[in-house]
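Some structures to go through are shown next.
In the two complexes below, subunit A is the common chain; its partner is subunit B in one and subunit C in the other.
On to the complex of A and B.
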């Protein structure tokens, strides 16, 4: 056990978790923010001291044994290091963004959540991954609850059930793997066993990863929970859970064909939901889910370029999606609402936030010189090179979806146009929020202008040229003509904002009919129990009454019997005993 | 471009922003149309000049990406609207308005 603790404590994520506990005890938001930043920088320095290693020759540290199973607290290779570095950047931006607004719980749980995600991507075995996987789930639910409303509490409970369910699926898969092989190492696995049958253990692990990655039909926790968190909390949530799952898929299931189909469905289906949602953070949540489709497709394709593309896009996505959540959080902080129907023309009161949202829109749509252009095009190119035409078409459609959902809905409809009453706010975002957004925007620009900085961190050495003439022309055609069509539709009154209200999703199944069915089951069970209980009560009452009638003061056995009758009765009993004795011997 | 169509309060009061002025709208429209034309022309020229490297027969067509952008945008606009009409319920469908309010200040503070 001491080996295990000694191993875990070498994991920078574990140290960040300890720092999160300490931060909870500190007074004052600014002191907590300073301590959080110091902890993030310190833990990153520890990670940097470990260096990096090629994919085929990872460095393993913190090895220990628990119940006869070999555990590896830290695996350093280019895949784990790039994700851990990304999570450190996200944690730092979150700490700055929440400088004035993060509650004690958000500041503390934000660090623990980031630490769990970092610990998870550095974990060298499935059991260590499970520990951090569950810790990420448990810490993040407090961030959902940080929304402070009863609706946030209920959403948090639903989120918790789903997240813990993901962990249970992972644990079940790990248990079956250990039972079959005796190994806990987290390496690439396949859904198909060597004899061609379904690998149940791998399937359970795959489902556990899929829940957190927002696979279609398993995604509903994401647009349900993220919009319920506070302005600061939603930014934290957008960074870690889904990308931890993307890391796990890249590590565990590279080249798994079914991921291409799943990713293509994710990329396309969720842009329609994003177009139909009226809550702007819900639009962002669906857009995030669609962008995850790019990464899942890349992992499914499985080539070095595609895996690099998935990882690079995860990197860019954490930054630009966090930036967009930051911008919407700033709007929520100032305007008090994120209902699309109530907001327009905010650029006049919040010009810097509008600029950030604009940069976010340029990035996610893949405009050249911004990070999205160089990271998206890797996965799209990989789909093209390996002739996965449907995947390629889906990713092109998803790019247009980003133009609509982020460029039109988030940027244009919220910040541009005639100023609505809700947009008459007192000023731009608070300074720490602006600093965090500016840093994120700078990262998007730096990666877009100088992509080799990111390329050098990716899992595989692959010479990819993003800025070719045909990439530039085709991408700009795609974006500009989509913008033109949306603009024309608006100009001629053919496009309307979505209806204001709640957009139903798969969660409707368990929140309405499921709830009715559950209530029916509860009522039926209660009625059956009552019938059973009343039956038992009635039976016991009848038995007692019968005994009382026989043995009570008024009962038959309590009567005084005549002496002759008693003598006759005794003689009969003795006779019966004689007969029994005679037969027995 | 910035012709918001359903919150005209500011226009009625003469509270017009920089991007809502008719001259600026015109400039934005011209810029958008010119950009579209330039990149469509570049795409066609690129096919002739051999800059383009299509993956499939489909994207070997001139201005395929322009058409794809416009078609997907149209489908998405229509699909999003249909989905919104079909699946949007009143705001209190799941949670009451009281559930959406922070109990500590009663102001719905973010």
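On to the complex of A and C.
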């Protein structure tokens, strides 16, 4: 017993989970927030004391066995440490952001969730990874439920099923790996076995990772659940689950070619959905999913530069996406709604939040001096250097899309313009929220201005210069072009200001290269998707109803039957058994 | 083989509660019968632990009742023998261990749910039921199994009927169970009769010797009767219909005790008959194993779906038990050491899980008088210890790491990958995964009600359950975590026990 427990306890993530349980017992929001922050700092100090190690010589700690399988609680190398550090920063920001607004459940489950993600990225073998994978799934569902509405309950249930399903796929894959090889080590694997056939174990693990990473068609839980959490909860959700999956893909499947295709589809497709959504946090969720496409592409390319790019972008993305979720959370807290059609001109009442949203927009679109510029250009360069033209185009398109989704919809339409009724709010965001947002904004700027600080943490030593004339010009052209399009489209009335949040507000972006065709594609995609989605929903509803009719309390299969029937049934079973016996032999 | 220095040990687990039971009837209603039953369960638990240790060290123990062992030159003993190997030593320890926690727990629950004057009778019946379960497990004589089966069943009918003070439906539930249980026992005894006709012996080990190579209509019919009879007692789908109401309307402490022990003992009997008595030489065994795969999988899904829609938590848990029996049958059906070990491990782990869950529900019934979902709304605020205990043991039921449920599921999946059945292993593993998703749904529903639903506005304030109930419940909850880290007992013992069972089944004779 003791080895396994002792091993787990050395893992800072596990300690954070224990702290989460303790925080649940403390009275008072302030006390809980202070305790949470202290726990995060303490656990980070423990991680820092372990130092770091190069990729090819990881330091392993907390080794133990569970029924004959070797478990390694902690693997320290540059890939795991950078993700763990990132998660600690995110957890700290979340604790500050929720200082006054986190419920008891959110404060405690938030810590457990962060601890599970940290434990997961530090895990040295597949079983330990699975342990934390499940804990992350189970703790985060409470955060979705924390939204408190019936819609949040139902979305949470769907989220729970898909997350536990991801865990089941991972567990089946791990069990198959162990049955085949007896090894539990979590190292790079391949979807094709040595003889060229499909590696089923790796495929199951891949699907498990893919669900959490928001692969297309496996992604629907993400925009479904995130917007339904509370203001504080959505910020927590945005940081951990998907980035933990990105880490797992970077560790398990670097250079897997199919990831480039998946990533490119993710980067582009979700922009359309984001543009179509009317809830502003749903816009952010789709945008987050699109940004994940960047990282998945980078992992698929698999070169040192590309992996570095994926990790760096994950780092920046957690910070700026968290910051945008914080800004929207602040709006939700003050205005009580996030429906795009009801919000405009908020900058008068909430100037500081508007500034944060502006910085977020600048970061995600990749304006120089902000973190997004340096991290995005790495992946884009890697795609270009290695001659993956389609990937390169997809990533460029995704950047342009981000200008619309974040720059226009989240920042411009919400904060600028005439003041709507819903925007007449009492004041700017509460102080702790502002502090958290300011810290996040500072990180975006520091990384953008002094990228070598982040470079030194990345998995591989690769001398990459972000601020070359070439990159600056490409990126600025791209952004200015997109902004110009936007301005022209608005000026000539080609793009009406989105009022009801249906699809058509994207199409100004695509007018120049062929307005009708592209608008048609957008509409067609969305319509097909909606038909598919509604079809699935209706199908599921029918299935559940059918199950209820048969298995529900009044259903034939669940009724209390009279004893005579039971006895008769037993006789039938016995008769069958006897017939089978006599006929078979 | 006898244990040096402790020759009489194997008989004690049955004799102690059997002698103690009638004495309980003479006591004054109230504390005394409860304290006495608790003491007896503790002593018995210690005895079974000693027995488990002795069997682990010295190998299987045989005890000839009254010294009526095998005379010179005869293979079979004349009288009844007790035969303890690791498989039944593990189940014995489990039954006694659960009893030693549930009996102390019962006090307040019984005080509130049962007529005060009936308490001596209640604890008498409880001890008799306890004796019966231990006897079924320990004996090496096929007819003696029937006797103990009836001892435990008859007392169980009475115990379930005592739930009538809360809900009159307990009476019909008990009556239905009585009819069905009697049919099951009758089938079993008919099967034994047929085997006796064919072999002239009732001793299990001797039966195995005599049956080797025999395969005729009489033996086959005997096999069919025995499997159907025990299948009914086991609540194997589609013979499960008596179970949900019996567990639902029984007094809370009885639900906890029966859910954790009664069906587990039947799983052991099935294992014993399939591998130790009939063995792989018996051609029909393959057919039965294939039937178990199908019935196991059908049970896993069908009962889980019903559980998802139940509005009464006790019934939900009862249906969940039927689904979990599906896992155990699945493990047996693989017919491998790993599969049988997985089944035994799940027997042990599921007992811990269900005991903790039913004990939690018992606390709610004590304070709120109902086990409907509505009573659980906002429970985390009203009774935090109970609610969190339920959540942790619920997670264990789903099979989350850091709880024993994970060990069960992992071992079952691992075993599934190494089998050759008519269903591809990968499909079986995915089905196991899919059915735990269903468990996640019904446990999720319970967790949501307890944590996030508001407390009803007109609700009167309630106190937590009494310390005694909370502590005993939490012992079970912590056991769910402890045995994740301490797998020597479950995985170690179960693997060796399965090895021994299968060696006998393959005709190598008992290895231990």
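Here, the second predicted complex is superposed on the first by the 495 of 585 C-alpha atoms of A that agree within 3 Å, B and C clash if a C-alpha of one lies under 4 Å from a C-alpha of the other, contacts with A are read in each partner's own complex, and residues count from 1 in each chain.
We take it that a contact is a pair of C-beta atoms (placed from the backbone, for glycine too) under 8 Å apart; a residue touches a chain by one contact, two chains touch by 3 or more.
Predicted model only: the values in this text are computed from it and were never measured.
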Touching partner for A:26 - first (subunit B), second (subunit C), both, neither: neither
Partner chain in contact with A:473 - subunit B first, subunit C second, else both or neither: first
Touched partner set for A:148, first subunit B, second subunit C, both or neither: both
Subunit B versus subunit C as contact partner of A:489, first or second or both or neither: first
First (subunit B), second (subunit C), both or neither touched by A:445: neither
Partner chain in contact with A:412 - subunit B first, subunit C second, else both or neither: first
First (subunit B), second (subunit C), both or neither touched by A:165: second
When both partners are placed on the shared chain, which of subunit B and subunit C touches more of subunit A: B
Contacts of A:420 with subunit B and subunit C, given as first, second, both or neither: first
Partner chain(s) touched by A:278 [first = subunit B, second = subunit C, both, neither]: first
Shared subunit A contacts, counted only where both subunit B and subunit C touch the same residue: 148
Residues of subunit B touching subunit A in the complex: 1-11, 15-17, 19-20, 29, 32-33, 35-36, 39-40, 42-43, 46, 51-53, 55-56, 58-59, 63-70, 72-74, 76-77, 79-81, 83-85, 87-91, 93-95, 98-104, 107-110
Of subunit A, residues touching subunit B in the complex: 101, 148-151, 154, 230-231, 271-278, 329, 332-333, 336-337, 344-345, 347-348, 383-385, 387, 389, 392, 396-397, 400-401, 403-404, 412-413, 416-421, 468-470, 473-487, 489-491, 493-505, 511
Of subunit C, residues touching subunit A in the complex: 175-176, 179-180, 183-184, 187, 215, 217, 220-221, 223-225, 227-228, 231-232, 238-239, 241-242, 244-245, 283-284, 287, 302, 305-306, 308-311, 319, 395, 398, 400-402, 407, 409-411, 413-414, 417-418, 426, 429-430, 433-434, 436-437, 440-441, 444-445, 448, 451-452, 482, 485-487, 491
Complex interface listing, subunit A residues touching subunit C: 1-2, 4-5, 66-67, 105, 127, 130-131, 134-135, 138, 141-142, 145-146, 148, 153, 156-157, 160-161, 164-165, 168-169, 171-172, 175-176, 178-180, 200, 547-548, 551-553, 555, 557-558, 560-561, 563, 565-567, 569-570, 573-574, 577-578, 580-582, 584-585
